[in-house]
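Below you'll find a set of structures to go through.
Next come two complexes built around subunit A: one with subunit B, the other with subunit C.
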Partner chain A sequence: MATMEMDDPKMGLKAHWEPKNLLSGLTLNQILFSNDYRHIALKGIFTAFIMLALGGTFAIIFRTELALPDVQFLGARVYMTLMTLHGMVMVFGFLIPLVVSISYYMLPKILGTDRLLWAGAAQASYWILIVAAVLLVIGRPDFTWTAYAPMSLRTGNPNIWMGHVAIILVAVSEFLAGAVLFRNALASKGGLKNTPLMAWAAGTIGLLFMISVFPLGFVGFGLLSDWAQWTQVAYFDPSRGGSVQFFLYVFWTYGHPAVYLPFVPAIAIIYTIMPRFLGRPMWSYWSGVVAFVLLAIGAMPIGPHHFQPVYTVSGDYQRFVQILTMLVFIPSVLHVFNWISSLFMGPIPDSARRAIPFKFMVFSIAFIVYGGATAFLNAQIAPDSDFIHNSYWIPAHFHAMFFGFSGQMAFAGVYFLFPYFTGRMYNQTMGNWHFWLWQIGLFIKITGMGIAGYLYFPRWVYDYLDIPGWADAQMAITIGGYMVGLGFLFFLVNLFWSAKYGKEVTDDPWPVIHDLKAAPAAAPAE
Partner chain B sequence: MENALGIWGPQAIMMAITASFTVLGMVMLLAAMMMKRRWKPSYAVEFAFIGIMLALVWYGDFTSTKTYAAYQADLNAEEKTVSGNYDGLGEEAFDRVVTVVAFQWGFGFINEEDEISRNALVVKPGEKVLLKVVSNDVIHGLNIPVAQITAEIDPDDKRELWIRAPDAPGKYLIQCVNYCGVGHAQMKAWLVVDAGEEETDGENT
Partner chain C sequence: MLKFFGIVGLAGVTLTTYLVTYGVGPEMQLPPEVSLLEGFREEGAMPESRNLEEDHAAEDSGVFEVPAEDDVYLDAALEAMGDMDMAGMDMSGGGDMSGMDMSAADADMGDMDMSGTDSSAMAGMDMSGTGEAVLDMDMDGDGVMDMSSAAMGNMDMTGTNDTAMAGMDMSGTDSTDMAATDGAAMDGMAMSPSNAAMMGEGGLLITDDGAFDREIDLTMLEWGYSDMEIDVKMGERIKFTVKNGGEIPHEFMFMTMPLMAAANYRATRADWNLLEHEALFEQALVLPGGEFEFVLQVQQAGSWMFMCMLPYHMQMGMMGQMATEGMSMDMEM
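Presenting the complex of A and B:
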């Protein structure tokens, strides 16, 4: 492949990427407060791993409890606290910060600015999120990540205000992160026709971040105010004149765009690394641009599909939400079609086939198909009012999307960036163990959840009856969960071992080699 | 089971469409990785895809709305919505009318004689039962797997659902599916189908 083509802005600008050991010689001051984009990204990525370990440990604990019917060792309150923290830590602490941090690193590289604009805001966003996470762990709320009023006002936990404050802090942190992404996307010199797709993603999702977090901040404030009874005015507490409907609409005005906040940056990672591995541009530039814009526009008005079997979502409004929800399918189909066509339109180099990030990318596309196709069913009120609403079918859907796609794509990005951060290559064998344990474990876990949901297994229970099929499905999910946990251990060992002892990389770590047998000398380091 | 939201019928078609889409995506991905012959797909293929999607959106909305409207038609001929200001019209179409109180944490069932049963809804086989559901504290969910119906109930709000009781006598699960506080997992009740004295082969459960 000609070098000129690889330097095209739509191709990820190879010229700006250099493997480098950033880790040695890092001072504590640099780790904590440096505004260099590489340091901010490294810190964000590493913190996300800690959050993943934390949220994963919670999951392993309550998964063990759920493997068998009846109560083994976890009480209701502890279970619900672990469940709430699992959801909040994974989404707000792990997934969103991880994909955003990867964007912080990739954007300046791709746009050639070589510095993160408004880096101070990124720094503030990071530290505010840390405060929120600490508050959550101390306050131990048990109101699930959706914090439905008035239940979340009456949990009997005296520290519950920490959960409400944490919601406000998450909103502030996400606003700042969105502003940084948006500002850096504007730094693109390419104009409308030559802006890299990652910048399109950052621009649209940054805007969506900045708009959608206002309802979240208001939810946090309203809950806090209602709980503390500061004023005569109650926003959400119906016993004091507040409105539960108001809560639902405000919360899901944030809550639906929120599910795209980790989704779109993960898509952007595909558009950045796929051309690098294939050695050719994407199948279509404009298809990607249109899909990003459509997704951002379509995300806002469809929140009510999260609570549609409730009486206010009815009649023509019900149909409006239903149709728009199904239409949001289209931008996702445009993306997936674009990726599959890019893979299909030419040979896949041997070097790509054996690269761990490429493998993660291909399988995350499989998971977006697996989880995304059910969205067509979920959007419809009739099946939704049967077995879908708040049964395990929904966790199956969003674990496929959040973990199977976004999470795995973020890990593809991490493996891709590994040589650029450490100057060394990861260990291939351990990478393969991680890869296969995750694919098999995730498939078992997600399929088990789907089957449990089809059998009307309710969400958020620590104890369940021995109804035919329920216990088997739960056991399968637990086994899948253990496999995912084991895979993560392989990743952690790989991370630390390879950063110290991995093969050194000085040149391009991802050369495009079509026939490795013919040119073994040019094989990439591993 | 005679129920407009039933698994068979429109819903089976929707699930088949979902499954076919999953399989199609997987086959395309597999072909992109494995196939020897390769070419650049034209934009026409993508537009054809969007066309199919738009048709499916239309079909999904049409079928779902029709199914749900048929279910609601029995509830309130005037309003055409599941709930709101149910005025009692059309109650004679049902064999039994029960008020369901969802609370933290359990279900209370009040029959037409104002008798309250905690956690057992007793009906006769095959009866058409109208449930008027209310909640006084927090948001609850009501799910009756055997009747294939789920609804979410907000405080200070009244909803109507109807079910056709199963023909076989026995105990069937009623459960809350919306997290409503620490006792959520215990928020269950039973739909007891009791053949009673009228049926000679009846059996109490």
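Presenting the complex of A and C:
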């Protein structure tokens, strides 16, 4: 097996990766408005953590509410608001910005440009998202993150227009972020054969961002227009001649590509850090390229598989969508086997085995397999119309994908970048606590949701009957949720403590050492 | 930078959490008293209301008025539910019971093992289940299965408590066994979504008209049928004239016993529907005074249920039985 130099574009151009403390000595103006790509990226990363804390707090509150049947301390309205904000904040505020910010940080280094092209657009994207988040929190939508009309038009909340405007702003923000990613991917000088896989990911997902947000923007505009009744025209409101089916098609034309928006950059992080830890290139470069392109193409037309399986889509079209959906498994499976092959085709260095980002990466691969297996079931019409649709099965699936895979992979990226932006190494013990609490907590949580879904537990309910199995599953999910929350606290403490007191790193923080016992002196700083 | 984001984050999370929970206040949970768009409305630029107007015509005409007897039946049902316990289950008493193998999991619709009179048939009808599913078909304690009270009291499709949910578990609590029944029933019916008996399935052949041996006039009313038990013979052709003699709309359908088990199985899993699209025969929405006819040929020995599929009508007692000799369950009112 050929071992590439770290300076190879596919391996990440080591020259640009220097551990350095970027956090201190910044003025407020620099923190907020600096166009340096590292500052933009770090700002995005830390803001995403705030969003995670926010969405996590919401989750902890309503998980406590759901832990026991027939016990309430929240009103239905507040519960629905928390649930809606949890979904929106986690996806639009935490997950997508975090992976995009990590891409902002890594892309210029990997491509050797050492600057983010169109940094102004990235800056604007960030601030528009902040405005959207503030509007969202003040508007307090309670119509679930999918904002189905006419439910999202008749909330009786006079501030709900803020939610609709926030949807438009999210679309604008994502468009700008996509444009930045796409532009920077084009900056690659590697041509078709030597462009790093992260740039392929940024190019394809940037394009997908830019195309798919138009329906989202239209959804926001249509809802706002229908709610305000500016004109006689109603887009979605059925009582005034609008069409709910039209809403479904428009929303999910964005909605399905949307799930790839955090997914693909997270995949790109694997392609970036895995060769660094293993000290050898990925098993297959072209498999990754083909998978990125196929995923971008396949993402657009399969939105209708999110509809309720019967009554909304005619039989033949439903089957057509099912087949298209199953075709999308192909690129995902190409990715996963590429990673697994890369891991198995040679020894895993000791240095990688003990590195927290590598551990997160391996377990997020496990979670993508978990989520992918449930996805295979979801695509089938028969189980979908039985126990899958609108039951807890679906949260099990997308928590495995969004959090178990994308979220954890983003944290792998953050741990990987930590020595580069602080100049210090994180605390290994706290990192391990974070790691294990998340793996166990997430597994309990996701499996609990799967079991609840299999028992027909419906989504979006704030209280439930003590039907055998339901309460146990809910209690398990709650316990898993608490563990995840605790793990995040460990991470935060680690972040603040290690940024100040961690062991200093001056050289390459991730050296590849196959036998740590033989060469203890070369052990990475921890 | 970390300090900045730490402070902003802590403050932001605290403030936001307060805002969306306690900060909401009770008044925010209600719709606004005056629409913000009132001015626009006065100009006639938009409809009066953002919501669909409520149509009270149906209520005003009295069609949906609840008869006074309802309260009596509901009270009786609630009382019966209160009495339910394990001891209330009397499996040994009625000789009628032994003849009933409701769990009939064999795929052949309508070919139910109803003939056995020995104890093995009893075992087939393991109504006690695991013990959690308390089941009390024998509400009167006289050892005779009382379908009408079971229907009223136990078959609570809304599932307000465990016992009620398990109430009409006709075929044990072994869910795999039930699933088999369910699947078999569905398979058998796959050809025709509704009037499957037109195809001669489920042991009945139902046609619009034709020659017949005898006539049965059946009147639907609140709450029941004029004839709750119909005895038929193998091969007999009967002309049914079903009339709605009640004051509210009713419906009529025939179900096989396995289908009833399947419906019940779904009910116990909070996925309740009556599987009316798998019914052997169905006539939807017969208005008061309306009537319809059909000719039915009994093709094989067995028993069938007929009922109104409007919500709660069956629970209120609109469920009758048609059976060949020796195949009937005791359904005394």
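Methods note: the second predicted complex is superposed on the first by the 518 of 526 C-alpha atoms of A that agree within 3 Å, B and C clash if a C-alpha of one lies under 4 Å from a C-alpha of the other, contacts with A are read in each partner's own complex, and residues count from 1 in each chain.
By definition in this document, a residue touches a chain if its C-beta (ideal position, glycine included) is under 8 Å from a C-beta of that chain, and two chains touch if they have at least 3 such contacts.
Not measured: the values here are computed from a predicted model.
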Three-chain arrangement built on subunit A, subunit B and subunit C clash or fit: clash
Which superposed partner A:347 touches (first subunit B, second subunit C, both, neither): first
Touched partner set for A:467, first subunit B, second subunit C, both or neither: both
First, second, both or neither for A:329, with subunit B first and subunit C second: first
Partner chain(s) touched by A:246 [first = subunit B, second = subunit C, both, neither]: neither
Subunit B versus subunit C as contact partner of A:82, first or second or both or neither: second
Partner chain in contact with A:228 - subunit B first, subunit C second, else both or neither: second
Which of subunit B and subunit C A:50 touches, first, second, both or neither: second
If touched residues of subunit A are counted for subunit B and for subunit C, the larger one: B
Touched partner set for A:398, first subunit B, second subunit C, both or neither: neither
First, second, both or neither for A:154, with subunit B first and subunit C second: both
Contacts on subunit A seen with subunit B and repeated with subunit C across the two complexes: 77, 154, 156, 456, 465, 467
Subunit C residues within the subunit A interface of the complex: 1-2, 4-6, 8-9, 12-13, 16-17, 19-21, 24, 28-32, 36-37, 40, 45-47, 50-52, 132, 159-162, 165, 269-271
Subunit B contact footprint on subunit A (complex, rising order): 76-77, 80, 142-144, 146, 148, 150-151, 154-156, 238, 244-245, 248, 283-284, 287, 307, 309-311, 314-315, 318-319, 322-323, 326-327, 329-330, 333-334, 336-337, 340-341, 343-348, 362, 365-366, 369-370, 373-374, 376-377, 379-391, 455-456, 458-465, 467
Subunit C partner contacts - residues on subunit A that touch it in the complex: 22-24, 26, 28, 31, 42-43, 46-47, 49-50, 53-54, 57-58, 61, 74-75, 77-78, 81-82, 85, 137-138, 140, 153-154, 156-158, 228-229, 232, 239-240, 456, 465-468, 495-496, 499
Complex interface listing, subunit B residues touching subunit A: 4-7, 10-11, 14-15, 17-19, 21-22, 25-26, 28-29, 31-33, 35, 38-41, 43, 45-46, 49-50, 53-54, 56-57, 60-61, 63-65, 67-68, 71, 80-84, 137-139, 141, 143, 145, 148-157, 159, 173, 175-186, 188
